[in-house]
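Each of the next two complexes has chain A plus one other chain: chain B in the first, chain C in the second.
Up next is the complex of A and B:
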């Protein structure tokens, strides 16, 4: 009887071993699960608000910028047609001072651990599948604009002030205003901080200030106002999207 | 004892059979055909359909040369890979009906090879042509170091704008997937899979740099806007001097992903066209190769 029990125990042990072996073998075919992560995002304005642009010294005195929402993807393209589900996101929109010295809060990044290879985002004006037209967030400056800029441009004895109401609008429904942008990180835990870096003065680099000065000389006005639909507005969009796009930097938090 | 022996056999056999189930593979063949999109051989027509040029222009190509090669495939599950670093110069305007057969890989694992890619590098000495590509076309591409060269014309309302543009826009295209999103290709057991890297000829007439599904509108008015001297020949120099804020206004355009390709600190229509040239390598028709990076 005792021997029979010993044999039974041995059989059970071997069955358990067999199960463990099978499970471990199958587990080797399955990727490691991702874990939830949650960490701060901050904006870090770059530069001092000034830029030298083809002979003109341009200084921003005011830069209210609506940022978000942001979606981060594991795929090389953040486009909604290639990235069905974000690996992490900031779903809120924040109004930030683009000329602030130092960091300012942007929101919380919620998502999963793992690799990030791209981003898609808006400047406060989104066009979700559920919306019939591009829709500004209530926090946008104006309200209703992606950003409002003010500044001065000088070239020798010539100088003038300018303002800009800028709308960065998604081109198609279901897409972001910035459908895809580089963003590289391997987020292993919540011990990270996302820094969103940009230099608003560099967004003016495609503007033709000589042409603006000529227009002002003709019109006799003292302030040049840039509004959506104008050539100058399109030039600022080129600065935002092509010449000085946002940089995304994930900074590991040091262990306390 | 007998039961113990049976258990021992089962203990060894089950994982082994599982392992064999994962590793047992038949063999098959792979053929690679490089094919031009119809826009290269037949041009683009004006009209209101999605594939038409919406602002009334007709586009035709007389010559369309590309450097293409370094076809490669990898299995993520095992890391096994196949490839051929050869680069060919191909005349896509006069491509054979079924395209150019650039490579045949025989007796390879009959499984899904989930990573497929290829390069369109800048042409270099040693690159070879495939018939009916003429040797003078091969020499022309190599001498200029072009990855893509095309000649053609846009026509609208009796006006003709001719263009002859070469680009050293070497690009690798990776992670190719068929239009239904299936990554790579599957080799059938004892059979042959034919795959078709497909070169598109209309991306510089898009109103954005598409990512994934081509949600776009085709427009060509910029041909006339950029022809500054209005002589009917639109040169590379004119493209470089052509401000996108005049020729490609946002909206309707969205210039996200256009790079300052010539490094002059200014985004011109040349930068737009050059950026689009770096996106024309696709897969199985309209399937995307979303991972693109520069290659010399």
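Up next is the complex of A and C:
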């Protein structure tokens, strides 16, 4: 009799434990509209490094570009004042070869599933809330620049080489260099790949190569160096920010 | 006397005396009248009582009647002699005697020794009424007999009844307030005392479905989770202490902020927890339910308790509880100091006094004077990012080393006084009136987000630390008045009683919110600066209709008029880049009326079974600062539904089970970036609760509860600039609330016998708490939590040694969790994706106490 009672009690205890476990399991499986996602981001340089710019054939021979960090936002504007909370992000800076023929790794995108409508990002030089001045990442080329470009420009028999140390610097403390940029996607899972596409040769489209040629003729130098603060540097920034900004493309991964 | 129990328990509209009230010995009164100083006698207190049953033979007359018995309670706490002082009829007298003979008591005490006593116990019989409640007195209840001051004669304390007969003690007290359904829980002293509780708020953990957290240190109110509600600091629960409202409307830190630290846990006699809105007396903030603290000290001996333990915690408590006075009469003072757990960022100093005096006035009026004061200052460790903890960048119990994180602290104080008058009419009606006044100050500096904020006043100021300073001064005054009628009998087998009541309160609130920059405490942004005048005028009507002995309907309606006058000094903000064309500021008024019915229907097919269903509508007032000029105050309206049953076997066992649903028109959730509550939209909670209370042996009591809730958001969250189209799915879970909460409180108390001429008694108990995995935003969940608290004590004569252990298993658990964006500079590049944050629950805490009974 006593044994039967003990068995009965044990059964009841097990049943109760099972019930608690089931309810606990159910409790942890409640609907939620967003979930964490984590996927690769790659750089996909476009073009072959050449561009025709107002009669000049421009060919880049070297393009080291620092990219990152990136913040992807649900708001239509990626301004830091409207994107305090991002949907996804790449919190690293990568030094990439802008003339590479294939894809190159950029980093991992961490974030949440959901809609992306804009992006805010830097070219290796950031000015975070807690920094008193714009600060380059250790991986920036130079070091300390957003990008280093080298190339040649020819126009008939005239030609010269040029180099450019480009600094894409945030305008205000707490803002990204690109506070807003278009980026549209609906990321539903981690089965995506983010492709960051750009053509560094297109960034030079605002440069006045005729003027540069005249300056070189005056100075007699064989290589034209573009440094931050110069009007040529400002022209490249216009190209980067306005004429040929980065494209963000989310590519769904096909399931095997 | 050997009287058989009737087979049919009938209508025991008995006003069972809960013996929380005063007592007086006739000799003592005589001695006092003659100017003598009598020795003090602690009256006996009820351990178990059995309801009297309306005798079948008296049903024919169906009349109401009073029976007053004189009971002799011997030194063992048993009833040894019964005399009828006032007769109701032969049948009723006998029914009262049958019940009273089964009562047991803690015997009367004189000079720490048990003595026999003779007490008067009035019974009121009404035919259709259901059985009375189990537990102790509550503040809204009805006094049957006015209390009297009580003292005993000056004479040596006998160890057995004195030769001249027992002390005559007149026991008076309050009946329990009528039940409002299965989720009207009364937490008795023996349940509350089973396990250790650090604060008065922690006592609530014994109630089904309640979990208490302390994420912001010891000077900021507890965070309470109740049956699927994250009630934060009180937004969804109406708190009263001895009838005085504790919720502070329009508090800057959280709507309905209620700091229960004013209550000294050793002075809590019982707690009534109503989960749901079914009682017309429930007012503002009774959304998830309401909690009434009933204060009293049962053992009428003064004492000093000294505690020392983990984290250099020191506590000194003194309680003055003169013998012969009512249990409501006491004075208590406490001082506490601790370094807190972790790396030295949880130190706290606090202290308070709490006292009440109950006295008799002419014309059978009793008065209860209440005074309480509390002040505390504490450092706050703040939150930690879970990824920082996991990566070892910061210890689980530590705080960020950042100066802005280390500057978190809070200082609060509250002083309150109140007086309540009660008058019992000859016809059984009751009149009650009370008034109260409090002043509460609050200043907190908290930083949840690190370095993410930008100054609104000077937009180029950024990254100076999100140390949010909040201040809130609240002067509140109010009162309540109520009249409860006698029983009417409009029809055969129908009994009717009504209550009409009104309550008023007015608050003068001054509040501000700024951002501070460490280490100089410089203000680098102003977010709020407002003066608020807020009034709440509420009225209610409550009917209690008993139709036959099988059915009872209780219910009525409540309406509240709220008025707001806001002087928002930073309203119509002029941005730095704008031309100043007007003077900043926005003064506005708003008002609104919230009204709704509440009703409970009970069926009593058997004496041991009660089936009930309840419905009620309640409300929560809006934060005044959110109102626009002339706006009809957008109350958060709640609809509560419940159906359940209670099986009761006398005082030996009670089992309650209920299904419930709560619909809230809009909910609030904590926003770490503003450090206050913001709207999230309508929500629904559905679930079930089971509550089992038993006394399997005379030395053992058990309380078990299980609460399950499915809490969901019913519409998409409010859009924000960051997220203009928030993601939403039907049935979206409300984060942070534990869906399943299990709780067990088990207590033991027994005498060990006599050691060296003095009685040795021991007491032990434990509490088990299990929280299932809590859903977090973004499909994440926190791990389940299992906690054990234990206590043990030994008492001999005037010395008691006790040991309390909280979190016996030293479980490392998150007290609360959040998800938001922060930047604590722990990584070179800050994240802007919302991340999990935690506040650590306390590790194992051992406290040893020595109590000297005076």
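As a working rule, the second predicted complex is superposed on the first by the 224 of 256 C-alpha atoms of A that agree within 3 Å, B and C clash if a C-alpha of one lies under 4 Å from a C-alpha of the other, contacts with A are read in each partner's own complex, and residues count from 1 in each chain.
By our rule, a residue touches a chain if its C-beta (ideal position, glycine included) is under 8 Å from a C-beta of that chain, and two chains touch if they have at least 3 such contacts.
Everything quoted here is computed from the prediction, not taken from an experiment.
In the superposed pair of complexes, A:172 makes contact with chain B and with chain C alike. Of the two partner chains placed by the overlay, only chain C lies in contact with A:129; chain B stays clear of it. In the superposition on chain A, A:157 makes contact with neither chain B nor chain C.
Looking at the shared chain after the overlay, A:101 reaches neither chain B nor chain C.
When the two structures are aligned on the shared chain, A:231 is found in touch with chain B, with no touch to chain C. In the superposition on chain A, contact of A:111 is made with chain C only, not with chain B.
Of the two partner chains placed by superposition, only chain C is touched by A:33; chain B is not. In the superposition on chain A, contact of A:85 is made with chain C only, not with chain B. After overlaying the two complexes on the shared chain, residue contacts for A:75 are found with chain B and with chain C alike.
Chain A uses residues 26, 75-76, 81-82, 172 to touch chain B in one structure and chain C in the other.
Considering their complex, residues 3-4, 7, 10-11, 14-15, 18-19, 22, 175, 207-208, 210-213, 215, 243-246, 249-252, 254-260, 265-267, 271, 288, 290-292 of chain B touch chain A. Those residues of chain A lying in contact with chain B across their complex are 7, 10-11, 14-15, 17-18, 21-22, 25-26, 29, 75-82, 169, 171-172, 175, 177-181, 205-206, 208, 231-232, 234-235, 237-238, 241-243.
Every residue of chain C that touches chain A in the complex is listed here, in rising order: 451-452, 454, 460, 462-463, 673, 708, 710, 712, 721-725, 727-733, 738-740, 742, 770, 772-773, 775, 777-781, 784, 820-821, 823, 825, 827-834.
Residues 20, 23-24, 26-28, 30-36, 68-69, 71, 73-76, 81-89, 91-93, 110-115, 126, 128-131, 137, 172-174 of chain A touch chain C in their complex.
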